[in-house]
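Both complexes shown next keep chain A, but they swap its partner, so chain B is in the first and chain C is in the second.
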Partner chain A sequence: MNENAKARLAGNLLSLAHKLGLFIAMAIICLPGLWIVLASFRPTVEIMAKPPVWIPQDLSLDAYVAMFSGVGQGGIPVIDYFSNSLIVSITSTVISLAIGMAGGYAFARFRFRAKSSIFLGLMLTRTVPGIALSLPLFFVYSKLGIIDTHFGLILAYVALNVPFTIWLIDGFFRQVPKDLAEAAQIDGCTRWQAFWQVEFPLAGPGIASAGIFAFLTSWNEFALASQLTRSINSKTLPVGLLDYTAEFTIDWRGMCALAVVMIIPALVLTFIVQKHLVSGLTSGAVKG
Partner chain B sequence: MATVSLQKLVKRYGALEIVHGIDLEVADREFIALVGPSGCGKSTTLRMIAGLEPISGGNLKIGGRIVNDLPPRARNISMVFQSYALYPHMTVRENMGFSLKIAGMKSEEIAPRVEEAARTLDLTHLLDRRPSQLSGGQRQRVAMGRAIVRNPDVFLFDEPLSNLDAKLRTQLRTEIKKLHAKVQSTVIYVTHDQVEAMTLADRIVIMRDGHIEQVGTPEEVFQRPASKFVAGFIGSPPMNLKDAEIADGRVVFVNGDSLPLPRRFADRVTAGRKVTFGLRPDDLYPAGHGIHSGQEADVHKADLRVSITEPLGNETLVFSEHGGAEWVGRMLNPRRLRAGETLPFCFDLSQAHLFDRETGRTLRG
Partner chain C sequence: MGALKRLRPSTPFLLLLPAIVVLAAVVVVPLLLSFYSSFTPFRLTQPASLFNFVGFRNYGRILTDVEFWTAFGRTVLLLTVALNAEMLLGLGLAMLVEKATAGQRLLRTIMMFPMMFSPILVGFQFKFMFNDNIGLINNALQSLGLTDQAIPWLIDGTLAFWAIVVAEVWSSTSIFAILILAGLLAMPKEPIEAARVDGCTPWQTFRYVTWPFVMPFAYIAMTIRSLDVARAYDIVKIMTDGGPAKRTELLWTLISRTAYADARMGLANAMAYFAIFLSILFTVYFFRKLAAARTQIGAEW
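On to the complex of A and B.
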């Protein structure tokens, strides 16, 4: 065997090892998700079976049918929860993005006093775990009378998301050369037009990522929502999962079915937005 | 078409003054080059004219109108950036038509003007590409195209060629010159390349540390530099500048060697005056190898030992020792020289310069 053949063989083996390693890693990551989907279709006996039943024997849509069949027939107000989740997540995402864009732009472009301390302060707010906030927030909210309202949740989520959106969007605006906005002003734009015509489209991928992140945070948030919501007025899907727990029993199948209902919009959104996450848009702006 | 006039223009960043009240009158359709070493305030001045940098003091007039506080879009100027600053998310066509679109023009009106500009700059085949798909030189041309579609009153260029290689630079230099002849706008062109300034400009403004050292035509700044700084800055290789003192009608260098006092300065300087003596390489040549025959009035001859030579083909730069310092001379119709060889050299003193050593100003008066 000559050297080249040997090197080629070694290369092939290595790439095979890589693929195998990746497969195992992916399997470990994906298995819980797959298990949830599977569990939503099988009877409790099979879910609870020890050792686990790998090949499902008896699949049915019962859990989904029950879920939508209304309160009293084993169902939960899933439509209400879903629309609460949607309203709260979308509104808080839009607001966080608006604030994040304004703040990120300011941090990226302007010089002002105590800039880095303010920035650090924003980041520090993220170090407080949500659960630690839930009790104080509960007291404040109940005094203000905004417990169990969309407004209350939206407010909490905006506060949660803004530091992150500012930080992420700041990074993307920094990558857009300052010259471009200046060139746009020379070309006849106002500052405002220069922003929307040039800087905004170029920072688009960053804004989209920040949007996904903010949406998913609000969509999946449980710790705060469980304290700040009461009824179908404002309960979101993650809190709705608790409806499947009774005093002594847990309806694992129903819970898994609701979890699947929760996952689908998040997946769809991520797929839609990821198209816009093409980076490298700014290449070719400056120099050669 | 418009005049530009800078009146005591000042730029401060906080307490730090960068541009110290400069005055400049640019005539309509004039091509002005702003040169100077790095950090002297060329870009800052240009950006003040563009409206990208607030003016801290003085007045700026474009076309006779004070524009100090007007935003860039109200000044009818266009600018080519050193970085080109093309919009990466737009095609070449959209880049060039952007200013017209913002001005509210309809796409039927924009298209012919963009195509016309593209023809002028030989960009027609690139119109549908994006900036990332262009070479440096092509990007440069698109940046110029974006500037000309609008027919601005004043063109501002900030070192537009400095990111290109030498050959492309020469080529685009010629194109800029043609372009100016064609569009007939007022141009203010910042560069630190004196060759660009000399070849393109009607008048050159030499800046240093936020002051204007001299304003003049390329011939003026080359032949009659107002200061030691200008003398050393314009011309390549730079002028020989040597410290000396006047004594007994001679220019005496630090090590005691001397040259006769150039006749032009005979009644301008008195003995004991500390000066800087300046002589261009063109005016220091081996006998028989100069621009002049060496037989003119006020030519001093001396034997110098050649230390090194730099042959350039049609001429050779000759470095030799005199007065305790190294001088560079220019040898036309060169022959091969050996290092260490001693040659008779001509110092054409009619072309010599004397500057005050303290102030650096010329003593020509």
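On to the complex of A and C.
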């Protein structure tokens, strides 16, 4: 075999190995989720079958119908949980975006004393583990009588989201050249007008993705919600999922269906923002 | 005039005020309260016990508590194993995707898939897969004839720990992969070509050219992860709830059990401070690394 053929063979083998590696990696990423989606359409007998049934014999929407008609499934009020999740997540996202925009703008456009310590300080409030924070919050909330209310949960999620929203929005405002707003001011805009008419539209897509990130954090949060909620007044979906495991027999199919209901909004929203999210997190990593 | 100007708060302060107020009200003040209550034998069932100051008794009890230190060690072990595995796998995945010639958009989208799963869902999904009776993994192993009896993944203490590590790594590798990929894509091509012309081996090119450039991106991922390490609580809570026989008890599940099941709030708050300091330590460490890596890159490129 001459040198050329050898090199070509090595190259082909390498590209084959690369494709194989990529395929295995993608399979590991996708398989668990797909398995849950599949299980939610299968009858319980088939899920429990021994030896296992690999090729689905009959698929149906029964689990979803049962879940949303409020019967069966051990009486788990999915619709209530779903609307609680939606109310709490959307409200806390809007509030934390407003606060985050103010804070992010301050970090991106102003020089002030102890700037980086204040930034680190804000981030550190985010590091407090949810379960550790839930202890005093539980006590304070029950004294104030706002346990098991939307308000209490929204307040907690705003605090949870603000540090990260500030980080992201700071990054997006940095990407907007300072000169643009200055030019607008020279042309007679006030600083306030320059912000809304020049900087805000340009940073808009980034701010939207910060909002979606905040929404997902609230949508997915469990540690705080599991202690600060008690009944259908404010229980969110992640806490509701645990309702299934508290029983002696686990309704796998129902749980899978609820899992799919939880994942769909997250899936759609993440697709929309994926590009901006990465650029927001990495902005400044290269330029410093 | 001058005095008046000094009294007027500056614009950035006003802009940051709402954030500071909310964080003070929801995080700082409650934490001060819990710090105080960690010096009392406070029980939820006996509100008066909040005013019974006992000094360092709770902390003293923790220092000699074998159960606590086992959970603490296990938490550190879990984080070390998981973060390193996530970093390495994330780097590998990012490089695989970067090399792909076709369908890169699709691959990147699939790569983000685990990020959309809330930790509680990840826990449930792996609880389902690792189930000894009906789980995908045992079914597959048995159908392939690799084993004839069911492996008790979540019932055996050691296996359950590794099952949790798998779930944790599955859910967070994508954060590393996405950010490292962003670094690889942003990297200028000239230094790599120059290295090749100068006769570097692929390993040398990676080690001395690619890696230093990508490093800050890996540290961003580390910082984001360290802000959120405690979410392993959600995964463990649903997969094993600290069982079997406390063999997968982490710091966070121990805190929640002490506080809510045993109602010993004071003791749990003292434990929580260990957890908080662990998190802060992680974050400050990676934040520093990130800052150092940024300045290094700034100097070289």
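Operating definition for what follows: the second predicted complex is superposed on the first by the 232 of 288 C-alpha atoms of A that agree within 3 Å, B and C clash if a C-alpha of one lies under 4 Å from a C-alpha of the other, contacts with A are read in each partner's own complex, and residues count from 1 in each chain.
FYI, a contact is a pair of C-beta atoms (placed from the backbone, for glycine too) under 8 Å apart; a residue touches a chain by one contact, two chains touch by 3 or more.
Bear in mind that the values here come from a model prediction, so they are computed numbers and not experimental data.
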Touched chain A residues, chain B compared with chain C | C
Chain B versus chain C as contact partner of A:132, first or second or both or neither = second
Check the residue A:177 against both partner chains and state whether it touches chain B (first), chain C (second), both, or neither.
-> first
With the two structures laid over each other on chain A, which partner does A:20 touch: chain B (first), chain C (second), both, or neither?
-> neither
Which superposed partner A:201 touches (first chain B, second chain C, both, neither) | first
What is the contact status of A:186 with respect to chain B (first) and chain C (second): first, second, both, or neither?
-> first
Taking the superposition as given, does A:262 touch the first partner, chain B, the second, chain C, both, or neither?
-> second
Would you tell me the residues on chain A in contact with chain B in one complex that are also in contact with chain C in the other?
-> 281-282, 284-288
For chain B, which residues count as touching chain A in their complex?
-> 50-52, 71-73, 77-79, 81, 83-89, 98-99, 102-103, 130-136, 139, 146, 150, 163-164
In their shared complex, at which residues does chain A touch chain B?
-> 177, 179-180, 182-190, 193, 197-198, 201-202, 281-288
In the complex, chain A touches chain C at residues 18, 21-22, 25-26, 28-33, 35-36, 39, 47-48, 50-52, 54, 98-100, 102-103, 105-107, 110, 112, 118, 120, 122-137, 139-140, 155-156, 158-159, 162-164, 166, 216, 219-223, 226-227, 238, 241-242, 245, 252, 255-256, 259, 262-263, 266-267, 270-271, 274, 278-279, 281-282, 284-288
Chain C contacts chain A in the complex at 10-13, 15-16, 18-19, 22-23, 25-31, 33-34, 37, 44, 92-93, 96-97, 99-100, 107-121, 124-129, 133-134, 136, 139, 142-143, 170, 174, 178-179, 182-183, 186, 216-217, 220, 224, 226-231, 233-234, 237-238, 252, 255-256, 259-260, 265, 268-269, 272-273, 275-276, 279-280, 282-284, 287, 294-295, 297-298, 301
